[in-house]
Amino acid sequence: MADLLTSMDNVALTSRFLGTRSLTDSLSAPLSAEDQTVQSMPDVSPTKWHRAHTSWFFETFLLSPSLKEYEPFHPAYEFLFNSYYQGVGTPYPRDQRGLLSRPGIRDIAAYRSHVDRAMEQLLRESLEPETLGLIELGIHHEQQHQELLLMDIKNVLWRNPLHPAYASLAHPDHGTPTLPPVTWTEHSGGIVEIGHQGSGFSFDNECPRHTDLLSPFAIADRPVTCQEWLAFIDDDGYQRPELWLSDGWSTIRSERWDAPLYWTRVDDQWHIFTLGGSRPIDPNEPVCHISYYEADAYARWAGARLPTEAEWETAASAGGDGGHFLDGSVLHPTRLSGDETPTTTAGLCGDVWAWTSSSYGAYPGFEAAAGTVGEYNGKFMVNQYVLRGGSCVTPEGHTRITYRNFFPPSARWEFSGLRLARNI
Amino acid sequence: MADLLTSMDNVALTSRFLGTRSLTDSLSAPLSAEDQTVQSMPDVSPTKWHRAHTSWFFETFLLSPSLKEYEPFHPAYEFLFNSYYQGVGTPYPRDQRGLLSRPGIRDIAAYRSHVDRAMEQLLRESLEPETLGLIELGIHHEQQHQELLLMDIKNVLWRNPLHPAYASLAHPDHGTPTLPPVTWTEHSGGIVEIGHQGSGFSFDNECPRHTDLLSPFAIADRPVTCQEWLAFIDDDGYQRPELWLSDGWSTIRSERWDAPLYWTRVDDQWHIFTLGGSRPIDPNEPVCHISYYEADAYARWAGARLPTEAEWETAASAGGDGGHFLDGSVLHPTRLSGDETPTTTAGLCGDVWAWTSSSYGAYPGFEAAAGTVGEYNGKFMVNQYVLRGGSCVTPEGHTRITYRNFFPPSARWEFSGLRLARNI
Amino acid sequence: MADLLTSMDNVALTSRFLGTRSLTDSLSAPLSAEDQTVQSMPDVSPTKWHRAHTSWFFETFLLSPSLKEYEPFHPAYEFLFNSYYQGVGTPYPRDQRGLLSRPGIRDIAAYRSHVDRAMEQLLRESLEPETLGLIELGIHHEQQHQELLLMDIKNVLWRNPLHPAYASLAHPDHGTPTLPPVTWTEHSGGIVEIGHQGSGFSFDNECPRHTDLLSPFAIADRPVTCQEWLAFIDDDGYQRPELWLSDGWSTIRSERWDAPLYWTRVDDQWHIFTLGGSRPIDPNEPVCHISYYEADAYARWAGARLPTEAEWETAASAGGDGGHFLDGSVLHPTRLSGDETPTTTAGLCGDVWAWTSSSYGAYPGFEAAAGTVGEYNGKFMVNQYVLRGGSCVTPEGHTRITYRNFFPPSARWEFSGLRLARNI
Amino acid sequence: MADLLTSMDNVALTSRFLGTRSLTDSLSAPLSAEDQTVQSMPDVSPTKWHRAHTSWFFETFLLSPSLKEYEPFHPAYEFLFNSYYQGVGTPYPRDQRGLLSRPGIRDIAAYRSHVDRAMEQLLRESLEPETLGLIELGIHHEQQHQELLLMDIKNVLWRNPLHPAYASLAHPDHGTPTLPPVTWTEHSGGIVEIGHQGSGFSFDNECPRHTDLLSPFAIADRPVTCQEWLAFIDDDGYQRPELWLSDGWSTIRSERWDAPLYWTRVDDQWHIFTLGGSRPIDPNEPVCHISYYEADAYARWAGARLPTEAEWETAASAGGDGGHFLDGSVLHPTRLSGDETPTTTAGLCGDVWAWTSSSYGAYPGFEAAAGTVGEYNGKFMVNQYVLRGGSCVTPEGHTRITYRNFFPPSARWEFSGLRLARNI
């Protein structure tokens, strides 16, 4: 009976495993071998590296330790496709991933297939809960890389003066020409509970669920839009040091930033580059691809501030929003008529990741996962800020209200926007 | 009557003003013109720059706006000695302060004297509370630079292969050959209040006083000692990536760190460089000159963690410690028999600054001070971690339980150590 | 009659044009799309860039100005595939050629074909001598890029930890186990003539033929071999500063060079990486892939010196050697049983390029070619040293005794060796 | 009798030794301790370092080996003040000379005095010719550093926004408002002899005297003036890539050069910074502080070229010019009414160093001096170009027609100008 249950669980897990693996392949499908090879900056990984690394995860943490007589696909891959797990040996240098012409995309397709067949075999066995947990982790890990793959290839295509599109994607018509002004949802503060609890999947950094104490606050009912951002630009927002954190000011000076990433001005009209190619800005879409520094400066300019992650999670819980996605996401087959660019929404999840003012750190009582996979989240708990929600390139089913995304404050190639908060 | 009171207040303020200014000069006295000119790394400022910049503060924020017919000492100084106040114009580049042979130390002495005479004149007038507040701020600003001056010149002298001493300072005898093991003070957690309140001076970043919610915790009754740190080194602490944050591991690899700053091994004996010169390590003195990364790795190795700043402040308030200083501080005339190196103490303030796990950010409800002086603290609230307490080079009377010092996690030329905490 | 002659000339030129174009395609054939995309260092260009740039040359300098109604293949290619001709506009940055996933290799194949068809059309017309000269120049330009393509892909494959081979190439058996010691050919010096003259093709930098005055000298009858280089290594050649130019010593320290490029020591046996993959060193093959600094240091260690380019050319003229090639060159179909690695030879041309002690500069009376193609050679006459002869990857028929190759003194990814000279 | 002659020779040598040492002290006299400490860029050395290093030369190569019972002044100075002699051990890093606040200028004055007294003692002995030669070399070495000291402090003072003057120096009145156009002296070419020969002092790189073969050429009778350079600027000389060597174009783009070093435009009037402070340009003075790249571009623009060093030396020999100096040299007490800035002159030596098109290399038959002093010149024979003549800051008696100065082509803090040549 236990076996039967296990078997039924495994069937579901196998299905999700294969579905996730298949989506990765679909996301790569529009890309040529050349596209999949290029690394446009050290933060970016080539598409084929993502495809290999997600397979490496299953090979390293599941197949080699748990599947009898498993033969690794290639002896050098353990080294080449290790991202940062020191427990598995010194990884191949991250900033040189774009130098690897071999293995080519055919080799990597074969690698993926090899791992998939072995995983199917493993999933036919009766597995320990810990092993099942690692498979679950591997699926979520691959989902993260699906988003990274899209973030990264967008940057690769952008760096090319030809600005090619990833795919032919229509931008949805937003209907009303002008959005109404933002409205604010108030929260009375007090002791709240945040963090993950229960039997559903979460990463270790979302735990433990714990109490926090909030002052009364209000949070905007939608993200800041491009039209609002244009007002910031027109008010010399990028030229006024008093609006900026000191490190932010240094960054925008040295990098010569005067608008979000992927914005260009063509004949007095701002255009943005999307996975569907370049097009004029839609004033009602949420501003996207901004750094923490820019989000912070905008909030100061607007007389508001960024929410803390506890405020965000509390507001999201109250709203009951659990993962709203927009039409137009490139990831969702039913929405292929739209392009990747997010649009405003009343939901807290979905359009663009929302920068919070919270430095990424351990929750009280945090314990990293045991073993090498414990390197997954904990060792990055410094020099980064938390983003919450999800974006139009986050895979369906991958968002959670407790999910903690994180990037350094200067990063902006992720699909990042902001939602304002203020004291009341 | 009000005038009389003002006058009496002004007399006290004048005395503190002149005392502070005089201490800066005393601290510079052992240093040659050459010593006062060198900048050993971009973070470090030359001694004579500190002496000028602290005068610039009074000239810019007090004398020019508030003293009738005040003549600035030199028209170029507004630019040369502006540290980072964008409101006063683009400052002279920080990393080029060591290129300024002129003005020389005589010019700067004359500048200080010019400012002091003018300030005395100003202090004879009846002043608005806001003006008095700025003078108070200027005094505390100069006290901060007294500590910076000592931190910086220590680095300058260390970079010189001759390793000259700043002054002849005897190291105190610590008596007992081995300290007893650390003991832990427990706190039951719950809602606590932290932050500054009341009429005493504080920086804006210590406000407002506000509530926070703590889980039960314990905190060590003394800082980690050099003997304990040596055990970490001997246990390959600097060679085991699993103990380190990812950025920390990158840093110690690229910088080739294998011990705290100012430690050198001479014939199998560790020596440290102090303001009194090089000498063998005293096993009972607190470890000093470590980065956040090292503090964090040590805590992980020790099965503990760093305290949050709220935990630290709560524990310090409970202990009633308000600024314990050790014998041996170079800043305290009565302690000149000691050297600058801190020793263990039961008090939370005094020996070495204690790294906390708290990222430096705004307290709920924080408002930066109005005007250009508002650039003082708020614009640095990113990419830094809070240190609490004070050190043997912190001026007497400058420590407070609510005081928030902050440095980037890789910085270690400040007098930084750590005190362990753990969950209970 | 003149038309007929032109026509006959054009037929021959067309044949050489198409043969050269075809060889470039053959050289690319073993390489995948991924291989052709990677740029391993700023000096290296991706294979597909070479294929496009050589087509750009014909489009820019021949087709657009001279073929009526010629339509450029793509409007952006003028910019993307301009190497360094400022007269054609600011070129796309050299160090970012590896970021261009598009155009892909299929687009570039189509580009090449488009250009070839148009060139065939042009070649059917009666052409001015100047136009014919530019076609000739374009052919030689493409031959240079054939060598660059092989140099560059060798570096790309080497940077990959898998060290894949470019092609399956057998290394020829050198027969005798040990070469006899080097012998010296003496020259009595005096006034000599060097430089190009006559109707054959040459680059502008080989002209004008002019007189020079030589002291008596002797030149070795073969290049330095790997066995001889091993003796230099074993005698601590890379650890003795007195053997090195100051810049050379700095370079080998900072780059940690202790052997030629592509050498690795595996279990006490030196291996070299060739276009045929890794294999043990053949002691009798000429040392290859050394910088000017290394060539100079070796010569000093050997009690000899590098020849000047005038000495080399004088010796080569006397020897009657006009372009000896070795078995094993990857470029020559009849030699495909060998690998790319050169072997010693009595001829002055062919095995490895020979570093000379001559800084690359203008010959007396030098005039750069008119127009934008004048940027071809003259503007590089600084900071480089001349190499003479040719190498096993130089296309057949591309070597000349007057040919001046040039690289910066730190470069060693070209097929460079050395031949000793001395005063007599 | 031999002893008597030696003694007389020694007296003369002692006098020259002491005079040279004394001039170094006089040159340092106007500079504060702070001025003497600063290093404005890696190429520049602090004044006090020059003062110490020239003493180190005598201590290392004369006193320690040749004076019985000589006690080095300080054990660390051998390391600290070694410039680049690997034979004496690894030198203290050049780019960190500005970090050495100690030894201070008083210590260095004592060091100089200690060395001088010991040298006087040595000079009272009967010395081997080789020892006398080393003393002679030390004197010339110190003279070179006198020029370097002035070049370097000029750069230090320039980097200071206050732009202080080194000394109060009047600029001479050049009389005629406009110079006549340049005239050309022709030379018929043929076999010439260049290089040093005979009993007078020379550096090893000037030897051996040897024959060279010249084509007929003409050389300008005066250096290019500022007025002429302004015409180059006004003709967009710095904006036209076709005038520049490729490396030169990259350099002026990345460094944003649009005029010689030390030129600034104030209200449409060009000013230059001199050792006497800033003043308007004198149109008739030779252009100074230009790089090789700028000299080369100017010559191309002017339809001329730079002379080779053999042409320069041949022309100088023909003209009989042996070291013309201008009024106004800071080095010459009788000329203290002028400032350091050179003026046009009919002589080939004196005003500004003249860039030649010759790469700095070994003369045929060159042998470096024996022992560690052989590192003096030979190891720099790469990546540099030769300058001939001398400048207004070259010490009197230090110029020779055979003297070969050398700098990298991007250097321009030396007193460098140009004199045109052309083929006839």
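A, B, C and D label the chains in the order they appear, each numbered from 1.
Basically, a residue touches a chain if its C-beta (ideal position, glycine included) is under 8 Å from a C-beta of that chain, and two chains touch if they have at least 3 such contacts.
Computed from a predicted model, the values in this text were never measured in an experiment.
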**Asked** Which other chains touch chain B while also touching chain D?
**Response** none
**Farthest chain (mean CA position) relative to chain A** = D
**Message:** So the centre of each chain is just the mean of its C-alpha atoms; given that, what is the distance between chain A and chain C in Å?
**Reply:** 47
**Fill in**
Note: chain D sits from chain C at a C-alpha centroid distance in Å of 38
**Message:** Nearest whole angstrom, what separates the Cα centre of chain B from the Cα centre of chain C?
**Reply:** 60
**Prompt:** Which residues belonging to chain C are in contact with no fewer than two other chains?
**Reply:** none
**Inter-chain touch pairs (all)** = A-B, A-C, B-D, C-D
**Item:** Contact footprint of chain A on chain C as seen in their complex
**Value:** 32-38, 40, 48, 76, 79-80, 92, 96, 98-105, 156-157, 159-162, 164
**Message:** Give the list of chain C residues in touch with chain D in this complex.
**Reply:** 84, 86-87, 191, 210-213, 215, 241-242, 244-249, 292-293, 296, 357, 359, 361-362, 364-365, 375, 379-383, 409, 423
